[in-house]
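The structure follows.
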Amino acid sequence: MDIKDFIAPFAVWKRAFEKPFTVKKPIDERPGAPRYRGFHINDADKCVGCGTCEAICMNRAIDLVPVEGRDAKEGDSGLRPRVDYGRCCWCALCVDICPSGSLNMSNEYVWIDSDPDVFRYTPGVEPKPWDGSALGYRRAEGYRLLDGTRVPMPELDHHEAVKSFLELVRGWSREQAEKEADRCVSCGLCIASCPAHMEIPGYIKAVRDGDLETGLRLLYQTNPFPEACGRICTHRCEEACSIGTDGDPVAIRWLKRYIADQVELADYSKALPRKEASSGKRVAIVGAGPGGLSAAYYLALLGHEVTVHEKDEAAGGMLRYGIPEYRLPYPALDKDIGYIESLGVKIERGAPVGEGRSLASLRERFDAVFLSTGLPAAYGLDVPGEKHPRVLDGVAVLAAATRGQVLGLGARVAVVGGGNVAMDAARTALRNGASVDILYRRREEDMPADPDEIREAKAEGARLVEKAIPLEVKDAGGKARFVWNEATMVQKEAGKRPVPEPIPGAIHEEIYDSVISAIGQGPELSYIAEADGVEIRRFKPVVDRDGLATAAGKAPVFAGGDLVNDRKDAISAIADGHRAASAIDRLLSGKGA
Amino acid sequence: MRRQNEHVIPPETRATPDLSSGKYLVMWQGPQHPGITGNMSLRLVADGDTVVDCETHVGYLHRGFEKLMERRLWMQNFPLVCRIAVPEPDFNEYCYAAALEELAGVTVPEKAVWLRTLSLEMIRLASFLMWIGGQAGAFGHGTIAQWSVTMRDYVLDLFEELSGGRIYHMYIIPGGVRGDVPDGFLDHVLETMQVIKKNLDDIELVMFHNAVFKMRAVGLGYIPPDWVDKYGITGPNARSAGVARDLRKDLGYLAYPQLDFKLITGGRSDAFERAELRLAEMYQSIDLIRQIVARMPKDGPFRERLPNPLHWKIPAGETYVAAECTRGEYGFYVVSDGGDKPRRVAVRGPSYTHAVSVMERLVRGVNIADVAGLMVSLHTYPPEIER
Amino acid sequence: MNTASFQETLDFAIGRERAAVEFYRELTGKAAFAAQKSALAEFMAMEEGHVAMLTGMKSRGAVNLSPGAAVDLGLARRLAAEEEPTAAMDFQDILVAAIKKEERSGDLYRSLVAAALDPDVKAIFERLEAEESRHKRYFEELYETQVARDN
Amino acid sequence: MNELAKELAARYGARDWHDRRGDLSSTVVDPIRLHDTLAWLKDSAGYAHLSFATAVDNIERGVFTLTYTVRNHEQGHSLMVHADVDRANPVVDSIHLLWGQGWTYQREMKEWFGIDFPGSPRVDEEFVLEGWEGPPMMRRDFDSLAYSDATYEGRPGRVTHDPATRMQERLYPEAGK
Amino acid sequence: MSDKKIIPAPLANEGLPPDERGLFCDAAPREYEPARGIMEDFANWARSESLWILGFGTGCGAIELRPLMTSRFDMYRYGIQPRPTPRQSSVFVIGGYASVKTLKRIVRSYEQMMGPKFVVALGSCTINGGMYWDSYNTIKRIDQYIPVDVYITGCMPRPEALLAGFQELKKIIRAGRAEGQNEYARNFEWFKANQKKVIKDWNMPDYNW
Amino acid sequence: MEPTLLGRIGYAFLSLFVITNYGLLLIGSMARISAKVQGRVGQPVYQPYIDIIKSSVKRNAISHGIMFYLGPVFRLAGGVGTYMFIPAVFGSVVFRNFSDSGDLLLVMYFIFFGQLGMALGAGEGGHPYSAIGVSRGLAQMTAFEVPFALSVIAVAIQYGTLDINAIVGAQQGGFLNWTLFTNPLAVVAAIIAFLGMSMHNPFSVVIAPQEIPIGPPTEYQANLLGMLQTNRAIFNGAKLVLYMNLFFGGATNILVMVVKTFLIYFINVFVGQAFPRFRTDQSIRFFLGVPTLIGIASVIIAAV
């Protein structure tokens, strides 16, 4: 210890002549940093109420609550997160994980009250002073807890693909499937959008856990066509997927396919529920498409004896005759149908209902009838010259392809229409070595076909001619001279889709070997006689919620599938089949309507 | 005033004072006591002014972290761990993240490594600044605390800018960090370091060249070198006893092997030297922060993509990850049974030994007035004892 | 406007609608199965409704039809229905026939508008033309949503 | 490090040597030889620093796995010594004479797991808890949430909704009938 | 207040060693009528401008009291200062979660404070359990055990928020609404029952003012 | 004109009122100066008033027996007593108090009296820290009394009287007549003792918050605490006036008194901000060391 030790301490007084450290008005002067994790803000319009924030919150600080003026709709549960500030720890994991990116934080941090019950609120719904704050915690660029990118699906190269009918999509390996399944947050928003309301989060979890038998069981709960749906489903679920709000939606369809592909048919019976004891009731089903066979599956499972009447020589309906092999290989379809048949479902092939096998006679012989005859008849172009021999109908072309007939489409083919049938026809034609023009009355974005299908058709070499209004088909030495009028899209009425308006004089024509018309299909209803008492309106049997068609007389008649519903896809037909099966079962077993 | 090097080493075995004799005064220091670091308490038995026996009582802050962690998903534990040591939360975040990354086989991007090093070094500095105020305050010198806590606050401002949080930064997330540095942040760091260094110079002058402080601290709480292994003493307490151990050197984690710094050791091993050593480490921290700022890669990813946190499963295994915090060896022992939640997470806080077994022994024979100063000179944080 | 010409004009219009009813009745005769009949019956009922509506207007002595013409979706003009529907007619055939019929009515009223000298009669014809365009629009929309879904 | 593994195996029957990391290994000994193993490691093998000691409840196997992590600072290597003790009768030799802080860990394990260390100072005293009446709370079969819900009153008025259920209620209530 | 059945409080100072009983009061707490009119306003003004915080850092929240009481935020200029003994303090800052062991000390310290006394609760943990909502050792709502005047949410609330909280407390005191002491006396048995339900080894005096 | 006894009592009350307020403001302003050193703004100068009002309007209070009550009363009596026998302003009628009725010894007795009374009361509080604080306080007081007494003796010898008025009178006529210059050693010893007496660092062992929070007044609250706080102002004022009178030439008007006492008090703060606190034994050893030697030297010088 020296003298310095007595003198040096007085250096403290230096500070007395400097500026104090004190912040003059701390409350006003010090807003939170631009990244400060303050109170929550939520863009309630962007939010889809998926509840992922609730799931990640380790404090259980978040509740999902219904809010005024926001009902559930497809892809939005209508619920919004409500934060309990008696729980929150401001870790912002909810912000990091929010699939839509709607949940964020402001940099406001002062909230004081003597009432402890007020510290709860629904950000973005209950107005707060910090709403719309520009500063505050946001996810850093390039930083996400969830993966917004889908695992790429291995596909055949388009140049290769177009050479054969080999399946285009190869399916995932276990690792890929598990990685994709990992992206799911199990919010369940998708379930409502699926016509069959499949237990999607459940089977995705099964993929994640590697428990495919559970997965298969969950699939078969509502859908006995996992192989087919895993390939060709219109996957409306993916449109509702919360991950898709800011990124690629989870590839639900491919995961379904993965489960079905991985389980051998021989192992199905181990995973799936057993048939119930025979009820002694007999059900007739007309049409062995997805709707009919689904009904058959569930009815058989419930112990009813089911006979399916199919006009074609093979079962599957549009799945077989309407969808080309490269999208849905026949072995996959046969696997689905095979399992249904293995339950004892009798499928009478080549047995159309109509002459000699009337609906009335079915109603005599069976306890209930389910009609699922779909839309087999193509509508014509309805332009002058539509009866030209080179004007073919898309459905027929696809069916012929399925039957392995020589199509003889020629080298230059026009496909008129923008639906999936048009795409399938175009790609079938491509695979037959033709060069293909797809003519569509509106724009590409208006096309009802799957975006994937359009993309692939184009990639395989089809030329898309938009805004082409067919005018006439003329003969050109055995070939068809197709005349169309170029159109411009006019927004004629607010709120409705624009109408193609022909541009005067902009007439084009082209000579094709074949013109495939694929503008739409209609039902074949001639087998329903007036005496059957089935009410039909605008070529659709009128059914109630269960699929029961109002019918007088003996056995009840149910109807479903494309024949009845407006969605006109396989999954809706399957849903109809399932629903009708349950209703039939209730009716037959007397469990009440 | 004790002369230097004339150390009294308290006996290993506890005397059993006859409390009914009326000769002793039993006294609780804490939990509500300004001379206690954090919320814990000492039961002192005093003979006159001299403490003859001491029992530590902890658990006032016990929240059952290790149990709670077993109930939460791997990622959900990330906000929880930082609460274990309030003044120095980042070490929890780092050890937990590093243990998970090791078990899951994740490699952290270079940029994240540097940002982690930066935040660990910054929190070391902040924690030391808080401690030095406490050390001066424990001997009654309030002015230093007024300055140093403000300096610490400047570091917290940096954290707020970097991570969005003042106390709980929750910045080091498994896989990397949660964000890159904001614009101008590194300049702010350097400016702040300049301010802190200037203030540290003042503190050194006032506190370490202070006759009264020396009288109080020199010779107080001598820790013999052989206690280091015997009691599991780590950090500045061990280094002051002349044992050259610093996990930053020994384990070479994060970017420390690429940084240029010397291990600081002492030998007199009393409260005064421990304080001096920590002061030197504060200067070292400032230097390290400057080095990190200079050498940190400018670009690059800052987080490795991990599986969906809602279903993240970590392969079965166990590991122990340690890091050198201001008090010594801070470690996380993590056991996974292959599930989406930890099987067991055990936290090793350096205060566990310092504040309980070492403290109990060191306090014996010390004047009551020195208990606070001695306790602070061990630099302990109760929450990491009881978790 | 004198009462007589009002009565006359409406009678003419009612006649047109009656003819339409007949048109559908005739088609129903050709129909082979229940679905066709129900569709035709629906359209026929619609026309009968028009007859009733016009008759009502006639007795009230006022035409309260909106003058706003419906948007022309442009389908009718290009749809080719050269042949009369047959027993095998499907929904498309029936709709096309309906659309064509409405189009013809519209055309007729349009020419009447052009020919009418009495401005009041002209106004009635204009309104009737608009009414027919709305009918046509109704069928066109049905066609778009139910038949040519993919076009 | 394999020499050490061999030596430990020969001396104390240590088994299941795993190199977890370059500087971290683990091994298993019988609980009865735990004290001797640690004493030897401390005194003869240079593993003088006890980083921590804790236990893991392996309820499926009916054991508590004790973990003592010791570090050899000279070689820069840490070793985790495990020992499985019977969950039904968890009694282990105390190491408080080996390391001065050992008794604290043992006191903690006694309170948190119910593992007894006869002879360890203050081992029967409460450590972090006060007036605890439940079972040792770090045991896997103790449910913290259930205890908390039963003991500490929360603030009422919280209710949450499951998005999928909610959507079913609002959009397709008929399903699942 | 909860409709929980109230267990009658045991005899005063039960649980204390006999020789220590004399150190504590035997009278039950009672309510104190505020003075009339301007006198009470003046008293409340003085109370609000001289807030002495009990220096008991019960939880993490104490960490943000340090900056507040040192030069950066300097709470002294608002008439707020820490006080090391409950006898002289008027404000109890509950620094977040309270473990059962701490709660016991909180209750005792609170009772030792002289009225009017005020309680400021920091952080989510005091409101509804915070992040320790499922812990076996922390209570969820502090208002079950002692009356609270002001809650400041946050984890941790920043010093500025604390300061704002104290300003709010001042307003409440000046408005004469900070009657926690009387509330405690009024619902004494309810509070005691709650406390004793949680604190299993009750070895402290019931009456301690 | 000599006022009547009643008048003198009235003046005494006025004087007491002034010194109380002055003492409070002094405490307030010193707190602000300390704050400045600590880099902050500090409490308002009038804060001590609010604190006292606050303490006095506490709704309930707790007692630990009659001596517990008497502690602050004794202490206040000590403070008032000390002040009453010192002339605050030399030659002033109002501020001369009863300085002609008592001498230095009486004043020193009163200084002790307050401490002892406090000791009795605090001991009654039952808190161990009170007891420790009291013992520390008494021990330290005994120690600093040595240099203080020595310097008082030196002054008494120097001026040949114990009458404070006379001592002040002797220092009039220019600052070179101040004891500070006539007997600097005595002043140094007394000032060091004064540091101890004022409980500022490094001699703040009695209330040492980090060690024995906060010593004797631990159990005091409400109006009793208010009384202690008031006394602190009076007692401080009294001591400062005493020092001013003994060593710094007294004051002939109130302004001089304010300036001088402020500066004397500032010495405390000046030292206090720079140093931590002694341990009690160190403090005692300190007082019995150099300051005592200085005191002895001053006595010798004065005697010789």
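Each chain gets a letter, A, B, C, D, E and F, in the order it is written, and its residues are counted from 1.
Following the convention adopted for this analysis, a contact is a pair of C-beta atoms (placed from the backbone, for glycine too) under 8 Å apart; a residue touches a chain by one contact, two chains touch by 3 or more.
Fair warning: this is a prediction, and the values are worked out from it, not measured in the lab.
The chains that touch both chain D and chain F are A, B, E. Greatest centre-to-centre distance from chain D is found for C, with centres as Cα means. More C-beta pairs in contact connect the chains of A-D than those of the other pair, out of A-D and A-F. The chain with its Cα centroid farthest from the Cα centroid of chain B is C.
Taking each chain's centre as the average of its CA atoms, chain B and chain E sit 30 Å apart. Chain B and chain C, compared by their mean Cα positions, are separated by 90 Å.
Centre to centre, using the average C-alpha position, chain C and chain F are separated by 114 Å.
Centre-to-centre separation of chain B and chain D, using mean CA positions: 23 Å. Counting partner chains per residue, chain A shows two or more touched chains at residues 9, 11-12, 15, 20-22, 32, 58, 84, 86, 89-90, 116. Residue positions 55, 70-72, 74, 77, 84, 101, 127-129, 131, 133-138, 141, 155, 158 of chain E are each in touch with at least two other chains.
Contact with two or more other chains is made by no residue of chain C.
Under the touch rule stated earlier, the contacting chain pairs are A-B, A-C, A-D, A-E, A-F, B-D, B-E, B-F, D-E, E-F. Every residue of chain A that touches chain C in the complex is listed here, in rising order: 377, 379-380, 382-386, 416-422, 440-441, 448-449, 469-471, 485, 492-493, 499-502, 518-520, 522-523, 525-530, 532, 534-539, 568. Per the touch definition, chain E reaches chain B in the complex via residues 54-60, 62-64, 66-67, 70-72, 82, 84, 86, 97, 99, 101-102, 105, 109, 131-132, 134-138, 155-156, 158.
On the chain F side of its complex with chain A, the touching residues are 33, 35-41, 270, 273-275. Residues 2, 100-101, 104, 127-129, 133-141, 144, 194, 197-202 of chain E are the ones touching chain D in the complex. Every residue of chain D that touches chain B in the complex is listed here, in rising order: 20-21, 23-24, 26, 42, 48-52, 54, 56-57, 67, 69, 73, 76, 78, 80, 99-101, 103-105, 121-122, 126-130, 137-138, 140, 142, 144-145.
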